[in-house]
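What follows is one structure encoded as structure tokens, with my remarks underneath.
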Amino acid sequence: MDLNYLKKLIKMLDSSNLSEIEIEEEGTKIRLSKPKQKIATQLPTQIITPYPSITNINPQPAEIKEKPEPTTSTEEFNMSKIFEVKAPMVGTFYRSPSPEAKPYVDVGSTVKEGTLLCIIEAMKLMNEIESEVGGKIVKILVENGQPVEYNQVLFYIEKP
Amino acid sequence: MDLNYLKKLIKMLDSSNLSEIEIEEEGTKIRLSKPKQKIATQLPTQIITPYPSITNINPQPAEIKEKPEPTTSTEEFNMSKIFEVKAPMVGTFYRSPSPEAKPYVDVGSTVKEGTLLCIIEAMKLMNEIESEVGGKIVKILVENGQPVEYNQVLFYIEKP
Amino acid sequence: MFNKILIANRGEIALRIIRTCMEMGIKTVAVYSTADKNALHVRFADEAVCIGPPEPEESYLNIPRIIATAEITNAEAIHPGDGYLAENAEFAEICFDSKLVFIGPDPTMIKSTENKFLFKQHIKNIGLPVIPGSEDYIKNHKDAEQIIEQFGFPVVLKSAYGREGMGISIIHRIEDLEKAMQNLREKSQKIFGNNQIYIEKFIKGARHIGIQILGDKSGNIVHLGERDCTIQRNNKKLLEECPSPFLDITLREQMGNDAIMLAKSIKYTGAGTVEFLIDPDKNFYVTEMNTRLQAEHPITEEVFHIDIVKEQIRIANGNRLLKKKTIPTGHSIECRIFAESPDKDKLPTGTITTYHPPGGNGIRIDSSCYSGFVINPLNEPLIAKIIVIAGDRESAIKRMLRSLDEFIVEGVNTNKSIFKKILTDPKFKSYNYDTEYFETQ
Amino acid sequence: MFNKILIANRGEIALRIIRTCMEMGIKTVAVYSTADKNALHVRFADEAVCIGPPEPEESYLNIPRIIATAEITNAEAIHPGDGYLAENAEFAEICFDSKLVFIGPDPTMIKSTENKFLFKQHIKNIGLPVIPGSEDYIKNHKDAEQIIEQFGFPVVLKSAYGREGMGISIIHRIEDLEKAMQNLREKSQKIFGNNQIYIEKFIKGARHIGIQILGDKSGNIVHLGERDCTIQRNNKKLLEECPSPFLDITLREQMGNDAIMLAKSIKYTGAGTVEFLIDPDKNFYVTEMNTRLQAEHPITEEVFHIDIVKEQIRIANGNRLLKKKTIPTGHSIECRIFAESPDKDKLPTGTITTYHPPGGNGIRIDSSCYSGFVINPLNEPLIAKIIVIAGDRESAIKRMLRSLDEFIVEGVNTNKSIFKKILTDPKFKSYNYDTEYFETQ
């Protein structure tokens, strides 16, 4: 397959209003197609996106609404091997038992099932969050002292 | 594959109302298609259908709205050969100059361009409707004395 | 009461009238052009008749087609809505000749107000205040110069048959006079079929107020307070409020009484609006009378707890005005949301993919729009009238801002932002502006 | 005034409160379950925090999660809406302990009304009329028989902690008594965590009236007239109107004064409703007090030109009630449109593909619905509250019928038809019905 030829085909399809090109010649079959319009396009997009998320609460919420929600770059990870540790409650995220103390875990730390990962403070109670899996911490998505909402992803753990 | 040839094909499809082109010749098969997306499916169907039409005004309009509009059966005709005579105005449709007189035309009548077909009475004025084509009357869609709206189909004329 | 009314209009205002008819138990006939097959006024009327192609001259302005529709549907009366044939004396006359009740004033009353210059003479003759100006049409440059000597610049050139903000030209310098006169004459001939013009003093710092009038066929005439229409762009009303922050009880009663006096002088029946300008010293001038339902009528309805369309129909039917005096409460504002073309020189087109109106306490939406609505460039591209009612002006402003925030329209551009700008402008909040609000920005 | 309020509720009522906050310039925090990610209360709040999975116990009823959200967002006050935690004294107490203002009455006031039997004793003790019945809880069959001997059948068994139409059982025959008592005890234990029951005379031909109360922290208490909630199905309110056609000025003032007296006796603050039954001879009985915003509060707002949520917030902030007495005008009706499952035994689910609310004069829509809205079977499937206001009852009925005709909902079944049936029923028009409207059909 001549990739330059293919590239040109892609460009042609991209810049057109077509949804598909199919070519079969001399035993070679090429089929290019664009994503089919999802039903989502029928939903009023201004209604369902974007809403202010806890991760970007700031004093000018009106502005937030205009900005697309920052998406965490996940390209660097093989997500099939990543376990996402999610916040089981609303509260304030702390990486260590006290401001002076060392963090429970860092990027690179190896954890086991049951290893203490962080604390979420809610109603003055310190809730200890333990790991549900063993593996290596490869990313910490929330900064110390930041509020987190239910289901917010806190850590990536790479399973062995 | 001659890409210039393909480019021309894309342009042709893009600027047309077609949805697909498929070409097979001498072992080469090309298929181009546009995204399927009927704008109509996005319309709220209860809003746009069915509305009461002049052809079925009756004393219980609320009922009309529930019923689907009766569609004229056209299966019996080869519509490609049929010329539809449409009402150019709103008014009352008369097939003859007076109640006692014979109708201007009947099913089976042969007409020429300019033949008088019917009268539409509007604001007490009798407007004579002439045929724009020559051919044979194969169907009369409105009954004598019935009100008609703009663009309502009155006659089918089969062109020779 | 009538059994069946034909509505000789389209879109929002046609639906507005259908709604009142539904509540009064009166059957309705909608007329529509082929472009409006899927319109809501067609959907919600009891009967709907296609009357012609999209061009207004062939449909909504086509008198024979509308009269013929009334005949075949056995409608007894015709409501003309607020544009198209609403102030067309000939149409009112043909209705009468066709034994159809025209829901509006008699043709003679429409006629008497059509020529603004002659009507101004009438207003003056019955002793009401008018804007100082030429005693006759302006024939040449000299006539104009005489007036200018008297009042100084700027002056206003007006067409005898001007309407809806058309046929007005403000002159600031003597060098512009000749050209402006010629232009206005040509334009007037083209639009109104008459090139007569007259000249008036320009009232600086003027506020524009309309007084709503209702008159029955027994000679009873009442006024329903004012609408402040001072916020204008290119002499077109943009945002209206009731009551006006500029009026006190005394002034309101004076103007109200003058409006009633004018209406009585022509034995007016139906709903009408007497228009005024008021200068900063609160001297007021009667400028003209609109003999139709106005686009901003809902703010009066909200404050006076009345259905003006219902009153129009009752009056046309010969009923007397209800003696019960309603007590006005609260403050109402109307904003009309239009589709706009990104290219200012082009008419807006396109499909409204999402239409989600605001809701809740004190919000009224008059609209014939829906998700999937297609804008036809041949008609006024109104999306919705937002009307708010609240306890006081400040609350009404906040409520309107909240409504604008909630209103979601996708697929076309709108003029929403201009209203946000006005309503958050400290000048607007303190009512520190006049009819030149936009010119002095 | 508060800078930021957290709304501990979802959907329509949460949006209702957000709208008032927007107009008051108060920032809002919405909480939501994972199922409500695309809800409008989330869309229109200044901040929104996901607090848990769809099950109410894990989200909208979960006190720690809500309090924690208030803490991380620095909200100063919490509005509980009209369900979930609105009448939960423990929640009000925890708010207080967490230095958050609970927008509602003090926990002690909520507590004093929770046990309907004890509160009934209180009502009786301060000299207000109550429905005749047992002087104590019913312990056994004999206790019940004694009462029945006194009043005859039918009688009403009630749970001490009954609410929202739950915990009521009407007994027509002695044979049913034993079983009904046992059933109600078991049900009460399960739902309210308490199995105490008492017994009352059944008031035949009763009308159900609620009097709206507002009390500030300075001890001022006013009433805002009544809401007639007589149209009920399975003891659940279905349609409400204000004013009640059954009341005259004297009765209204008597009941209003009694309601104020009751509220004063417990030093009530905030918005509340004192509920009454009236028999056909116009003897009335105070039955209970709801210490929350009620679903039908908008009809009072329309007639009294007031924003009850705004008053709640002002009162919670320590402001005094405005002395300005509003003059009630017109007649208002509310219908709540719900999604219904075609299979009556199942909870409704599905997507509302088209949502097109009615509009025009005198129509208020309180809704958090939109085209594309997905119904979650774990929550109350409210689509919209339609509230109409018109000059009189007849006009209000016609306006509501017109609104129902205009209202387009596609994708799910609704209960629209039941309202059409009621509103066109001659019995309804002539107010010839009681709380057994559906049972006697």
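Every chain is named by a letter (A, B, C and D) in the order it is written, and numbering of its residues begins at 1.
We adopt the following convention: a contact is a pair of C-beta atoms (placed from the backbone, for glycine too) under 8 Å apart; a residue touches a chain by one contact, two chains touch by 3 or more.
Keep in mind that this is a model prediction, so the values were computed, not measured.
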{"item": "Both-way neighbours, i.e. chains that touch subunit D and touch subunit B", "value": "A, C"}
{"item": "Chain at maximum distance from subunit D, centres defined as averaged CA atoms", "value": "B"}
{"item": "Mean-CA-position distance for subunit B and subunit A (Å)", "value": "55"}
{"item": "Computed distance of Cα centres, subunit D from subunit A, in Å", "value": "42"}
{"item": "Where subunit C and subunit D are represented by their mean Cα positions, the distance between them in whole Å", "value": "43"}
{"item": "Subunit A: positions in contact with at least two other chains", "value": "42, 44, 47"}
{"item": "Numbers and ranges of subunit C residues touching at least 2 other chains", "value": "353-354, 356, 370-371"}
{"item": "Residue numbers on subunit B that touch subunit A, as the complex places them", "value": "1, 3, 6-7, 10, 13-14, 27-37, 41-42"}
{"item": "Parts of subunit C lying in touch with subunit D, wherever the complex brings them together", "value": "15-16, 19-20, 22-25, 44, 298, 301, 305, 307, 327, 329-330, 354, 356-357, 359-367, 370-371, 391, 395, 398-399, 402, 405-406"}
{"item": "Residues of subunit A defined as touching subunit D within the complex", "value": "42-44, 47-48, 51-54, 57, 61-62, 89-92, 122-123, 147, 149-152"}
{"item": "In the complex with subunit A, residue positions of subunit D that touch it", "value": "27, 34, 37-38, 40, 42-43, 45-53, 64-65, 67-69, 71-73, 98, 353, 370-372"}
{"item": "Subunit B contact footprint on subunit A (complex, rising order)", "value": "5, 8-9, 12-13, 16-26, 34, 36-37, 42"}
